[in-house]
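Just below is one structure, and these are the notes that go with it.
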């Protein structure tokens, strides 16, 4: 993710001019503004703007004329209560806008979260850069044998090398042909909106992505999860670090009640109650299917 | 809308502490922050927070590392182009949060706009204030005789006085009974979530309402329109004045391409083309229904 | 909820004309179509239309040309898997449209669920009926002393009678005045859009409400919950019975994984693990706040 | 788009079993159910399910117990009125579910319409088919010289042949390597979620896409427009033909008030008024920018 000198200069210029505002500010977030956090081999996440802080959540929950509570410790208690009892609207009162650079196949997963605003770089209008995601060797994994949508062991020696060569060569060749088709040197030059169809899904795209804190937490819970594909999880993890600095109280509640939470089905809760009462519970006596029981045992032993 | 001294002090305190930020700021909007704009007899609109300015629109449209364009005049041209060609996502990149105090029957219309975030003061949890909307005499209008959902002439003398008396007395009596049912003085006291059902639709409620600029424009186009009910239109008009100070270029484009725009049906456009060619067009030869023709003539003579 | 003879005739007519279709049909749901399920004293829920059945969920999950799975038992396993792992989009592939008659204060809670389509009877355009919700004596509850937004004991004798009298009298008087203001008998007659403001929040309104199954389950989880206000919970319960007949497999999974599920925070899960290992856990050693610990003990003893 | 014999048999089976229903049915839509409409070289659109008909729109607008109006001609008048006056909610009361097979670069444009439900075939979970979009010669266009996001003249002879060869060869080679990386023959086999990144954007994907009629009209207005990219426009046009058979009255209103409508800015309307009064209007005297004036003249001469 080497930014060009021009891009670095633009970022530096944006960071060099503090302005006065009467709005709520989050000092932890000001430190992140505009700065690029590298993700994967050429990707990035950076904060373009934000609205609100922890206090904005309690202020909205109270529909206040001024601050929502008298103190930070009151804010924390109320925020944890709101999160625990699934009150979503106060968390919607904070908003954040990111600039993200990411491979197209990651963008295709990402965009399925519909409650966000998006402006993507247009390959109809502009020419994409020659930047492709090539996995690091420790992420070059075999198909999982137990999970149809997951990864197993890391590929070994010759196979790994073969795969990396194919990915690199196909990416370069596709891009050469993309440029060749676009060229107006001695020919008409294919329309951009057509030429782009030759580019593989590991090419990088970029977008501005704006979302409220409630929906961001929902995104992070699904995408920072161990079952999410590694290539999107690293973006979610980078954003978790940023959100922690932005709204530390809300993030703490999110960690305890969502990220680290355990969901028990009615049958699962019943099985635990019986265990706590000293009973030995088996799959048969639990009423769970094999799949459910396997997941239950993985969590509770 | 007389704010209490405590509320005024809270507002003053919030306005007295400028902070430093690296985010985009809109000076015209800073002047509005927290200040209450009175609407109707006890209502208000005030800006709690905002994200972005005119430059944020072009910056997102370009997916830029720094500013979107080189100059304000470039910003204007691009913003007008985006508005004219129905590009909505760049306008979604600005966000605003209002505190609104409004009669319940207005709130019921307002909430039909679903693409916004809302935190309403809870009458399940809290006790509402004794504040009711009573129309000013010049807004006390008769049912329209031509439009089932509209107003006609202003009510005259005795009838107007009768209506105002009824509205005032019923409001006061309902509120007396609301307080009486809630009271725990010598009785158990009815639950708040039940007692509130006795209150009429002209009681005031309040909420925090957060929306992006694209959806706000959509709201304003419908609600600042001459066909909107007066009691919601005055809120929309107050917000128009605020938005004009926040994003003057975007608001100018909105005025020209939306608020002041005229929509022609296929048949209407055809009729105008024939007129421009010197032809006399009648309802019959236009292919329009009577209702359409009436609306067409009202616009074009 | 006495339907008029005209309304009953309209319902009967609609139910008397079976048509042929190639679409998926749910026999359990056909039996509900158009029929009014009474709720509260004058309310109702009835199914106007539906799209899809249990098979439509697996068909969409598989993006199939024909049916999604080979058998009902495969459908069940896949549906339970999808629900357990928070796959929401296949459940969005079923849709239902209800006609609901409900008090305005219930409608105001209900409408906060934004991911639905709504057409409400317009009191700007039409005149509302003289129908008000008056609680049954066993629902006339005092304010809870432990929960700011809840009910406590049922009101006793004289107080209950006083409250019922007030609610009834204020409703009737408000409606009399509403009619009086609207009347064009010897006067101009106030506009409907204004006269309605005199009506209290227990008057009945009605709407068509259309929603997909995923979002309906979300609504039902929150509103069929013991903490929901009784007056909206009875609507949610009536809809639960209907959904059970419509998509029995999906409803079964919803019951086990959502309605009957128990959510454990990270700290709660840790406390249970320690208990299962034989340890005695206290509030202090759990790291939970008093409120959290109280809720934990209420669930787990 | 040659369907396999298995797929054709599944479609035939689905079409062979008419069932009885009490729901509203649209005979014109029944004829389309399940049948595949070919689009582009390997794509398709087919109707999987629908809810409602023209009568469902007026029924919802009236919040009726039975039908909304007494006759089809009343339906038509009301539907045209609702469309003309931007009443959107009655049109949301109809819903349709499509199965669409489309190139990935088209899918990426399509998904930007967020108010729809989508289930896409998962390349994390399954292996994609060897099917790629290769433009027909008459769609192989050069970059427009006047519009950054558009096409100009069709490519000629040798250049066209070169482009088609590149697109075909790169697609086949990428797919060969995709298969090679996935293979578990003598090697571990790369995870599907990784191997897919090698596939270009002209590979076909498929999804179930469900949307209400109001939002579908919005999609069709933008995507059946002459400025939309050809490859998505042909899908929109195929759906227009289907919708015309489903809700002919609503589609007729949509054609007149949206598809065939002309939007005039405030300045544009003023210029037309002056022309109708016999005045000669120039760009300078119109107050329009050069771009606006060019578009105005293109429409009005």
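Structure notes:
We call the chains A, B, C and D, going by the order they appear; numbering starts again at 1 in every chain.
In this text, a contact is a pair of C-beta atoms (placed from the backbone, for glycine too) under 8 Å apart; a residue touches a chain by one contact, two chains touch by 3 or more.
Keep in mind the model is a prediction, meaning the values are calculated, not measured.
Set side by side, the interfaces B-C and B-D show unequal numbers of C-beta pairs in contact, with more at B-C. More than half of the contact pairs of A-D, counted by residue number, reappear in one of A-B, A-C or B-C; that pair is B-C. Over half of the residue numbers at the chain C-chain D interface are used by both copies of the sequence. Taking each chain's centre as the mean of its C-alpha atoms, chain B lies 33 Å from chain D.
One inter-chain figure worth recording: chain C and chain D are separated by 34 Å, centre to centre, where each centre is the mean of the chain's CA atoms. Separation between the centroids of chain B and chain C, computed from CA atoms only, is 29 Å. Contact of a single residue of chain D with at least two other chains is seen at positions 89, 112, 118.
If you draw each protein chain as a dot and join the dots that touch, every dot ends up joined to every other dot. Contact residues on chain B toward chain D in their complex (touch as defined above): 77, 80-81, 84, 86, 89, 112, 222, 255-257, 259-269, 272-273, 275-276, 289, 291-292, 295, 300-301.
Those residues of chain B that touch chain A in the complex are listed here as 3, 6-7, 9-11, 13-15, 17-25, 30, 33-34, 48-52, 56, 59-61, 63-67, 89-90, 92-93, 95, 97, 99, 117-121, 206-208, 210, 212. Across the interface of their complex, chain A is touched by residues 103-105, 108, 111-112, 114-115, 118, 122, 124-126, 133, 135, 140-144, 148-153, 155-156, 159, 162-163, 166-167, 170, 173-174, 177, 180-182, 184, 187-194, 196-202, 229 of chain D.
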